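Below: one structure in structure tokens.
By letter and in written order, the chains are A, B, C and D; residue numbering begins at 1 in each of them.
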Amino acid sequence: MSLDVGVIGVGMIGQDHIRRLTHVLSGARVVAVTDSDLDRARTVADDLPGATVHGSGQELIDDPAVAAVLVTSWGPTHEEYVLAAIAAGKQVFVEKPLATTREACERIIDAEVAAGRRLVQVGFMRRYDPQYRAMKAVVTSGEIGVPLVVHAAHRNASVPDHYTADMVINDTVVHDVDTTRWLLDDEIVAVTVLKPRVSGRAAPGFQDPLVVLLETASGVLVDVEASVNVAYGYDIRGEILGEQGTVELSESAGAVVKTAGRVAGRVPVDWRERFERAFDVEFQEWVNAVRVGGPTGPSSWDGYAATVVCDAGAASLASGSREAVVLRDKPDLYKDA
Amino acid sequence: MSLDVGVIGVGMIGQDHIRRLTHVLSGARVVAVTDSDLDRARTVADDLPGATVHGSGQELIDDPAVAAVLVTSWGPTHEEYVLAAIAAGKQVFVEKPLATTREACERIIDAEVAAGRRLVQVGFMRRYDPQYRAMKAVVTSGEIGVPLVVHAAHRNASVPDHYTADMVINDTVVHDVDTTRWLLDDEIVAVTVLKPRVSGRAAPGFQDPLVVLLETASGVLVDVEASVNVAYGYDIRGEILGEQGTVELSESAGAVVKTAGRVAGRVPVDWRERFERAFDVEFQEWVNAVRVGGPTGPSSWDGYAATVVCDAGAASLASGSREAVVLRDKPDLYKDA
Amino acid sequence: MSLDVGVIGVGMIGQDHIRRLTHVLSGARVVAVTDSDLDRARTVADDLPGATVHGSGQELIDDPAVAAVLVTSWGPTHEEYVLAAIAAGKQVFVEKPLATTREACERIIDAEVAAGRRLVQVGFMRRYDPQYRAMKAVVTSGEIGVPLVVHAAHRNASVPDHYTADMVINDTVVHDVDTTRWLLDDEIVAVTVLKPRVSGRAAPGFQDPLVVLLETASGVLVDVEASVNVAYGYDIRGEILGEQGTVELSESAGAVVKTAGRVAGRVPVDWRERFERAFDVEFQEWVNAVRVGGPTGPSSWDGYAATVVCDAGAASLASGSREAVVLRDKPDLYKDA
Amino acid sequence: MSLDVGVIGVGMIGQDHIRRLTHVLSGARVVAVTDSDLDRARTVADDLPGATVHGSGQELIDDPAVAAVLVTSWGPTHEEYVLAAIAAGKQVFVEKPLATTREACERIIDAEVAAGRRLVQVGFMRRYDPQYRAMKAVVTSGEIGVPLVVHAAHRNASVPDHYTADMVINDTVVHDVDTTRWLLDDEIVAVTVLKPRVSGRAAPGFQDPLVVLLETASGVLVDVEASVNVAYGYDIRGEILGEQGTVELSESAGAVVKTAGRVAGRVPVDWRERFERAFDVEFQEWVNAVRVGGPTGPSSWDGYAATVVCDAGAASLASGSREAVVLRDKPDLYKDA
């Protein structure tokens, strides 16, 4: 049987995931949608035979035809819908962030722990990228020894005018926070945000680039350069130095062309091009996993940790100082996951 | 609605495509299977809820529940099933070869032309590989100018003991025949098979490697090294030299690891690893295309041309001489395709 | 005419440069040597037809047969010999450091300024490496726009047991200090030393690796990872992010070998292998330049700035804090150089 | 003592080697020059303090001040000067070709054998290129097993208008003939020249590119693409497939630049840029070797074999057929060399 999914929030991301569930992946279909803009919800539903349009997220969650919920609405609404899905005993995939405050994330953790089983997966898609997976496999194999230092860079060609340095932390660096925790199997205990020379391509008053230093419980030092106006393309870099070797994300340049004195490959235009495959795998694995039990991907705990680390990052951006990260105790539900 | 597919031949390849249609892709389901080994067909059907087991390919094709046919049986049986599908007016995807003789391929072309529309797609999956597509895009863009020379290599780590040099032509080099025709949009007019020093890893009496020279109608010279006992992995290489530049398949080495004085990446183990994504895209595009009209991938003409070129290759392997390739006139049905 | 060189200090480095001047380069010959170990000096001189052994550096400098002086003695003796060479009006090439204290460097600058012309060149050989030069050319061309962030790594396979974190700053990171100043044409104004997880391969009590943050006058942020027990080889990395592009040192892996599922290249064993060519070019350009006028390479000012920055690095290593770098005013002699 | 060299022929190549011996390398000086254009010889000598201008090659060879002879005159004159040098018992470095006919090469071999020791080195500089040397080291190590197939390409951006396909064989492919023999330690026994589609950039009537097939005594098949109007730069490619692996020349792209959606490196402009280092090493090793005994580089036998193979190539270019290569017996003087 297909997994019958209801989608809350059908903006750009929501529509892209609906396309994915409907036209790319196996084993799922979208049976219900809602949105704060109901006209938009109706327009989207017109292309989904048999899909219901609900007047609210709660109504959609309560619909018995909805077996699992996909939350792709505006971040501040995530908590409400995730909690409602947990209350209804339904699986819920929520795009990052899990919730926008530490306290909201903790309420979700409490509810899920009370439910006694994992119901929530958070949309950190890099864990499904073939290159990150190859990197993780090398770390896990022990081939490079104990990790000591991580270098990462996250570069966007450009961002909308309303982008701020806080958003760089919360929407951009958050991915590096998650990959760091996942690759190293380690928690982050402190964050320091550094402010290099500002790019002339950044909007006035916007501190871009940033360099974010993350320290893990075991002492690994991670430097993340986040630059969101680099013009030349979308570029995600990562290297882990271990005690006896290193592993790096390779660059897949597509076809290699030699013309006019240059040997050249392609740099991806944007995150869609770079991570298209990761999104597909992420959702297919979620669909497969929830049909046979429960999710195996990033958990509420991962969403909570990311939010708390990003909070510390925002604090450091404001204070100019190193900010410690303090997490609550990790419930058993999230151990060995 | 899903595309309801019947599968003739459920050996290794057939089962892999059933898995793909059932668990990976969107918009298709397998509703019927058959095999020369009916027990095997029944075992496969046990995992396919609602699927019928038919006693023969003809019976499966005649089943009104079957909207489209997938032929993954033994090569010599392809002609019969493809002709039957055409006769039934059903779409048919046939793994290469289209048929094992020039005459059989011509009978299929005649039948399809008589039907007046494309019903057949042949399984040349490299056209769906992201790297080959990037290469094709560069050629089409005119960036490297008119193609002059193509270098290709097709290397397998090892082959089963029963493999012969004829099989290298028909099962291995056939892919390079198709990619050459497709990349250059040009027909092959002559084939010469050269016999380098034999690998000590080849079975006794087996001429491995081969170097196959293809000449196209517009004069492009293509050298294809086919080596099927290279031990180190599965390696597919390609470069096109044009009048003002070149384009090469890049190597995607996954994570780059530095240990013990070496910087190293991964070489794929086999064709499954290398072309897994290409197979997925190939079938998804076929499913999408036949649901809205007809196939857009490799046609009966492509299957015919490949078979005729490989016949000439086998003749050259035996004669030691250059063998001309003569094709019949191309029916209008296959022009602009 | 050849440039007649006298060499003070004929340990490992001194002997290597004597070999270079005698057997590799054009236009120079070694006519005199001295060393704190006179027996060693005599042994070295035995292979240099016509070379004189002097009892002291001062005596060598005073020898009218000596046209130019090469100082490759122990660091703390550099000041004395460089000052003596300046006093004698002779060209002097001094291996880094120019001198071991800020004050000593300033005395050298004062003496050279009083002499009214450049007599001193400091041995920062990376400026002569083909890859660094290609990187510098890209920065200078404006192709990547104004530099914003620099990432660098300096890795040694191993170090002798007596190595300390202070030596990592003064002997290892000093090269990155110089390349940063040269590549960016900018002075360093602050240093912060960070202490990642310690490698199990480091000697007990040795903080290895370090991450050293350099800030330049124009705000560029530079992170330098210095790891001297990485086991896998000698690895020098560098990337400059500019406003509209990046430039990276490429990796020259020599021959690319595919065996046993891996595609692999070579990582250099040590600095000799990696920078052999840079040393050759450095000395040839010095010989050529001093024969026709004066040195064009790294100046006393460069040696002074490097020493002051490394002092701040050592202070930061001890304090755990960001340490400002304050340089004296730059004499006209060193402008436009 | 320096090696005192007399140079016969001071055109572009001769002048470049004079610059090398005078300003780049150690241990040699140019003491005499001559040229068919004596004014040119005098102009060149003006920059060489103490150098004599001779009225003929024979006179130069007879000059007791000349210890070794460098022949960089027009190819058809090589035989005369090499034989004269041998007669005078002097070392001679001759740019390729050793001589322009098989018979002339044989006369040189006879003379050198009669002299009883190696006096001749031929200018095949690729043997001194770091990348070719790395490739040779891999083959020799046995890491890739017994060689089976070699792929090579030799591409020039453009050639002068008077260039012909015969010159492509004799001046361009001759290098691949030598590297093949040297890398494989094997003789070439047959040559077939193939004629791909002609580049629109080639002069009217000029067959460019060519693909030249070489067969070795042990059965290795070598395909050499020679294209001399590729526009995009100078590109030398090589790969050796062995029984259990491959080795390829790596591409050294200098700095890697990312701008405007591309990741790009540099392709060399011409052979000077690509092989500058190889020429330097070649001459330094020749100078070093002849000062202590005799040459260790490419011998008269290598020059002879290359000429005979190129003759067969020119015959195949004319005949369109495979042409066998027959060499005389190899004198003992050239064994184990």
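Going forward, a residue touches a chain if its C-beta (ideal position, glycine included) is under 8 Å from a C-beta of that chain, and two chains touch if they have at least 3 such contacts.
Keep in mind that what you see is a predicted model, and the values were worked out from it rather than measured.
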Which chain's mean C-alpha position is the greatest distance from chain D's?
A
Pair with more cross-chain C-beta pairs in contact, given A-C and B-C
A-C
Centre distance in Å when chain B and chain C are each reduced to the mean of their C-alpha atoms
58
Rounded to the nearest Å, the gap separating the Cα centres of chain C and chain D is 38
Per the centroid of Cα atoms for each chain, what is the distance between chain A and chain C, given in Å?
44
Going by residue number, chain C touches two or more other chains at 231-232, 235, 244-246, 253, 258-260, 265-266
Residues of chain B touching chain A in their complex?
22-27, 130-131, 134-135, 137-138, 143-144, 244-250, 252-260, 265-266, 277, 284, 288
Interfacial residue positions of chain B with respect to chain C in the complex
231-233, 235, 251, 253, 258-267, 269
Could you pull out which chain C residues touch chain A in their complex?
145-149, 151, 153, 155, 194-201, 209, 211, 213, 218-221, 223, 225, 227, 229-232, 235, 241, 243-246
